[in-house]
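Shared between the two complexes below is chain A, which has chain B as its partner in the first and chain C in the second.
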Partner chain A sequence: MVGGGGLDLLCNGVKIHHVDVPHKDQNRLEMRDLLAWVQSNLIKERPEMFIKEDSVRPGVLVLVNDCDWELCGGLGAELEEKDVVVFISTLHGG
Partner chain B sequence: MKFHKTLHYEALPFENPLSLDRRCYQNLAQETRFFQPRASCPLPSSALPTREAISSPPREDTSDHWSGHLHQYAAHLTIINCCTISMEEGEGSTASKRGGGRLCFICNQRRPALKRPKTQEQICRECFYVVFEEEIHRVIMDNHLFKPGERIAVAASGGKDSTVLAYVLSELNRRHSYGLDLFLLSVDEGITGYRDDSLETVKRNEIQYGLPLKVVSYKDLYGWTMDEIVSVIGLKNNCTFCGVFRRQALDRGAALLKADKLVTGHNADDIAETVLLNILRGDIARLSRCTFIVTGEDGPIPRCKPFKYTYEKEINKYAYFKKLDYFSTECTYSPNAYRGFAREFIKDLERIRPQAILDIIRSGEDFRISTTTRMPEQGTCERCGYISSQKLCKACVLLEGLNRGLLKLGISRANGSRRHDVGHPKPEAKRPIIQNKPCGTLDF
Partner chain C sequence: MDAMIMSNGSSDILHEIEKLKLEKEEIERRLSLLEAKLNRNPGEAVEMEVNRSCSSCLSMLDGHGEAVNGLNADMIYRYSRHLLLPDFGVEGQTNLAKSSILVVGAGGLGSPILLYLASCGVGCLGIVDDDIVELNNLHRQIIHPEAFVGHPKVKSAAASCRVRFSFRSWINSSIKLVVHNEALKGSNALDIVSKYDIVVDATDNLPSRYMISDCCVVLDKPLISGAALGMEGQLTVYHYKGGPCYRCLFPIPPPTAACQRCSDSGVLGVVPGVVGCLQALEAIKVASGIGETLSGRMLLFDALSSRIRIVNIRGRSLQCVTCGPNAIFTRQMFQAFDYEGFTQSSMSDKARPELHLLPESSRISCKEYKAVVDNREAHVLLDVRPSHHYRITALPDSINIPLPALEINVSLIDSSLKEATKVSGKEASLYVVCRRGNDSQRAVEYLSKNGFPMAKDIAGGLDSWVKDVDPSFPIY
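Coming up: the complex of A and B.
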């Protein structure tokens, strides 16, 4: 998992995370599960910069295997082993 | 059981657009269903003839409005013949699980990687590069932004917008032979941990894109770094100082480069945000100015915004997919909270209706200002000669406040009467102090 565009600053400056996300349902892991997991396990400060209500804050781009998550099903996008999820924030100047 | 549409591609039967006569249209109307713009097509898909327009034969007397387009753009169109519907057994490939199994709207060959906010078309990465770049080329051509032989300074902060701008401009300059001399121009505000790092990025860009770089610093121009300013005034209003100084610094840097124009990476989101902010502030003069694609044409160095219609979202994806080297850290001094709200509001709107961004810009463009509104007259600053609607430009007022320890000078409107005082300095008391740290004269 990669956090770019300043989002790395919310996770102690670490850009790339290799994560093993535990999921209840043996076979399915959706983006919404990943977001919840990231929020409680990786984000160290200012979670409001990443999450708004039950999704990412508008202005944060999400790519699953380099494909916009809007095309993969958004929150319901199903994740598999070795998938690469990228978050890029656009919510600051410059 | 699933139905799959197989599309047959055919090269355009007539490479010479002039051979597209009326009879050809009628043949086309019978044989083909619709036109698919090729990746190189400079037209938005909305300007292309619809399926209905194509299947109804053109009238005898006049040429249809779309036939003009066809003449002009025939070289960019691929004609897609009648669809053959075939049946395939079972589930689609793995592609259908992610991205719904669709193919790129433009090339119909690769899997889409994103949905365009403007058109909702799902397109692949390669086609995205082409439409993204060509759209900016269109904006440049339609607005006559550049003339051959001009020296263009690209305001480069090291952030994603200016990095993509420098990259795309140097590409387009080469591809379409604009004949421009491009330069990178950076401002060193003197912010440790922010600007020093982003300047490193710009220095790498200088080498990567082969564009000469000029850095102008607040310290040299004004005698103060932002770090020093913040140590005096604290974290309130510091963005006012920075913003006012940067504006002038870019003009001065461009003058040093002998540039004919300054281009900035302001994107559609930024402009929509500024329209909103100017409405919220009741700033009518800026409201009418902020949507112009070229500003300051009467001034020494015109500025233009080739990304005026480009979504920030797409700039970001472009930078990411192209793996451009850019810097993305928030300024270490507190961000402008008021602007932050406007920004977030725009992003919230975009999520519900992406078109909102372009519509806000259009609202700003079409604003009519009542004739009874008094507009400030533009003059020049008595002290440094920079354009100003007051006797002294904002930078000189702010600088005077810093140098004299009157930190509120020029900050709030409540101090308007005091600002008036500044306009008439008592020569014996004020001149020497100002001369210690002059904000310089413009070298135009």
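Coming up: the complex of A and C.
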């Protein structure tokens, strides 16, 4: 799992996390489960900078295996072993 | 000191004279070369000066073996390495020469974009910006020479672009450079953008990004969008060949707390340079019609770990209020849209929200604090900036506890106060300072509720200290 665009700051500056997320249902893990797990296990400060309601806050792109999660089911996207999930906060500087 | 400035000034002038002499020699050399080619008398060539407008640069010469493909001898020589590229060639170059590109922002991103686009043969290049060159821009905004500090960025940028051509024969000057010395806003954007084929977003703020994207949708222009901050950059192409616009990706703006600025968070100079170069590349590809652009994809650049990731992003959103199939976003709506209100942030990097958390009784001015120091009144000065800020510069005899660490370091404040009281024999006061006077208010608010009711904020922070007390104190 990779965080960028400043989101790494919410996890003590650590950008890449290799995580083993327990499955809720048998053999099925969805993006919504990962979000909940990240929120309670990785985010050290200011959770509102990552989560809003039941999804990521506006301005965060979520990519599952380098693909926008909107293209693969959003919160319901199913995750598999060794998938790479990237959370990236949009930048505006220049 | 004065003598040093004088000698620096005259060495600058001597340097400039040398440079101009070299350029003059180069121009004369090129002139005589071309005149020899034309087998004409000196002077005649000047009559052939082409009309320097956006589209007419290719109304080219005929006969004399010069104009078979719309490129004259000078252009062929100048752009020969482009012409040698099988995938680019004459067609790519002539397409470039016919194109007009607007670069919004002449800062860190805009610097390499403008230099490359001015050099590569774009027919008409527009620059829009209302900012002034500052010394702390120069580490990344490489288009601006130090001599232009205090001057409009567009003027400085245009001068640097023109230098790219100062040694070039006038008869072949096909570049038109247009300077818009104003901020791009809802009120002028339609007028300015409509004159160009392609727009490059090299701005530094969120409301401008929404505004430029909407404007490009309304006027149906492709948008090359780049951003950089800290050690990271992002890049994509919006509203091109059926691809998404900025609002498709970000229908709701992020909270203002998530919008960091270079002047707060810092930026490694070369990072916007890399992103700007890639923006110039995408603009050249769109203008010349070659290759595959980043439309529908986004490039994410992590400079610190040397990683570039290119990801597939969503297509045009069916719900997009600007470009969706059911969207009704007219020019009138565009002009009336309040982008700063929508994003809750300012288009200007200079505008800073001022916090008013505390009663006046909990604040003192920098001048009042100076009197405290001069009168040797017993006190502790607490600096709540991040430690890497504190290492840049700090007021003497201060202690540094960054705001987020305040809670766990309350005992340190307590012991410092006791120590100061013991040394002076009088009750020591507690003053809190930061860079601009916002975090110090947050700190005083916390401290006053947690055992330090006497804590006072030094209003305006170190910025005000420089303005009101000590102009020689380092500012950053």
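The rule we apply is simple: the second predicted complex is superposed on the first by the 90 of 94 C-alpha atoms of A that agree within 3 Å, B and C clash if a C-alpha of one lies under 4 Å from a C-alpha of the other, contacts with A are read in each partner's own complex, and residues count from 1 in each chain.
Everything that follows uses one rule, which is that a contact is a pair of C-beta atoms (placed from the backbone, for glycine too) under 8 Å apart; a residue touches a chain by one contact, two chains touch by 3 or more.
A quick note: this is a predicted structure, and the numbers were derived from the prediction, not measured.
S.K.: Based on the superposed arrangement, let me know which partner A:Leu42 touches: chain B (first), chain C (second), both, or neither?
M.R.: After superposing on A, A:Leu42 lies clear of both chain B and chain C.
S.K.: Looking at A:Gly59 after the superposition, I want to know if it touches chain B, chain C, both of them or none. Which is it: first, second, both, neither?
M.R.: both
S.K.: When the two structures are overlaid on chain A, which partner does A:Lys15 contact: first (chain B), second (chain C), both, or neither?
M.R.: Touch partner of A:Lys15: chain C, not chain B.
S.K.: Of the partners chain B and chain C, which touch A:Val86 in the superposed model: first, second, both, neither?
M.R.: In the superposition, A:Val86 touches chain B and chain C alike.
S.K.: Counting only touches as set out at the top, which of chain B and chain C does A:Ile51 meet: first, second, both, neither?
M.R.: neither
S.K.: Just checking: does A:Asp68 make contact with chain B only, chain C only, both, or neither of them? Give me first, second, both or neither.
M.R.: Both: A:Asp68 reaches chain B and chain C.
S.K.: After lining up the shared chain so the two structures overlap, which partner does A:Glu78 touch, if you call chain B first and chain C second: first, second, both or neither?
M.R.: Touch partner of A:Glu78: chain B, not chain C.
S.K.: Of all the chain A residues, which ones make contact with chain B and with chain C?
M.R.: Touching chain B and chain C on chain A: residues 4-6, 57-59, 61, 63, 66-68, 70-71, 86, 88-94.
S.K.: Please output the residues of chain A touching chain C within their complex, sorted ascending.
M.R.: Within the complex, chain A contacts chain C at residues 4-6, 15, 45-46, 48-49, 57-61, 63, 66-68, 70-71, 86, 88-94.
S.K.: In the complex of these two chains, what residues of chain C are touching chain A?
M.R.: 105, 107-110, 202-206, 209, 226-230, 232-234, 249-255, 257-262, 265, 267, 272, 275, 298, 300, 302, 305, 309-314, 404
S.K.: Would you pull the chain B residues touching chain A in the complex into a rising list?
M.R.: Touch residues, chain B against chain A: 97-100, 111-115, 122, 125, 157-162, 198, 269, 312-313, 316-317, 320-321, 327-331, 335-336, 340, 343-344, 347-348, 350-351.
S.K.: Quick one: in the complex, what on chain A touches chain B?
M.R.: 4-6, 9, 57-59, 61, 63-68, 70-73, 77-78, 86, 88-94
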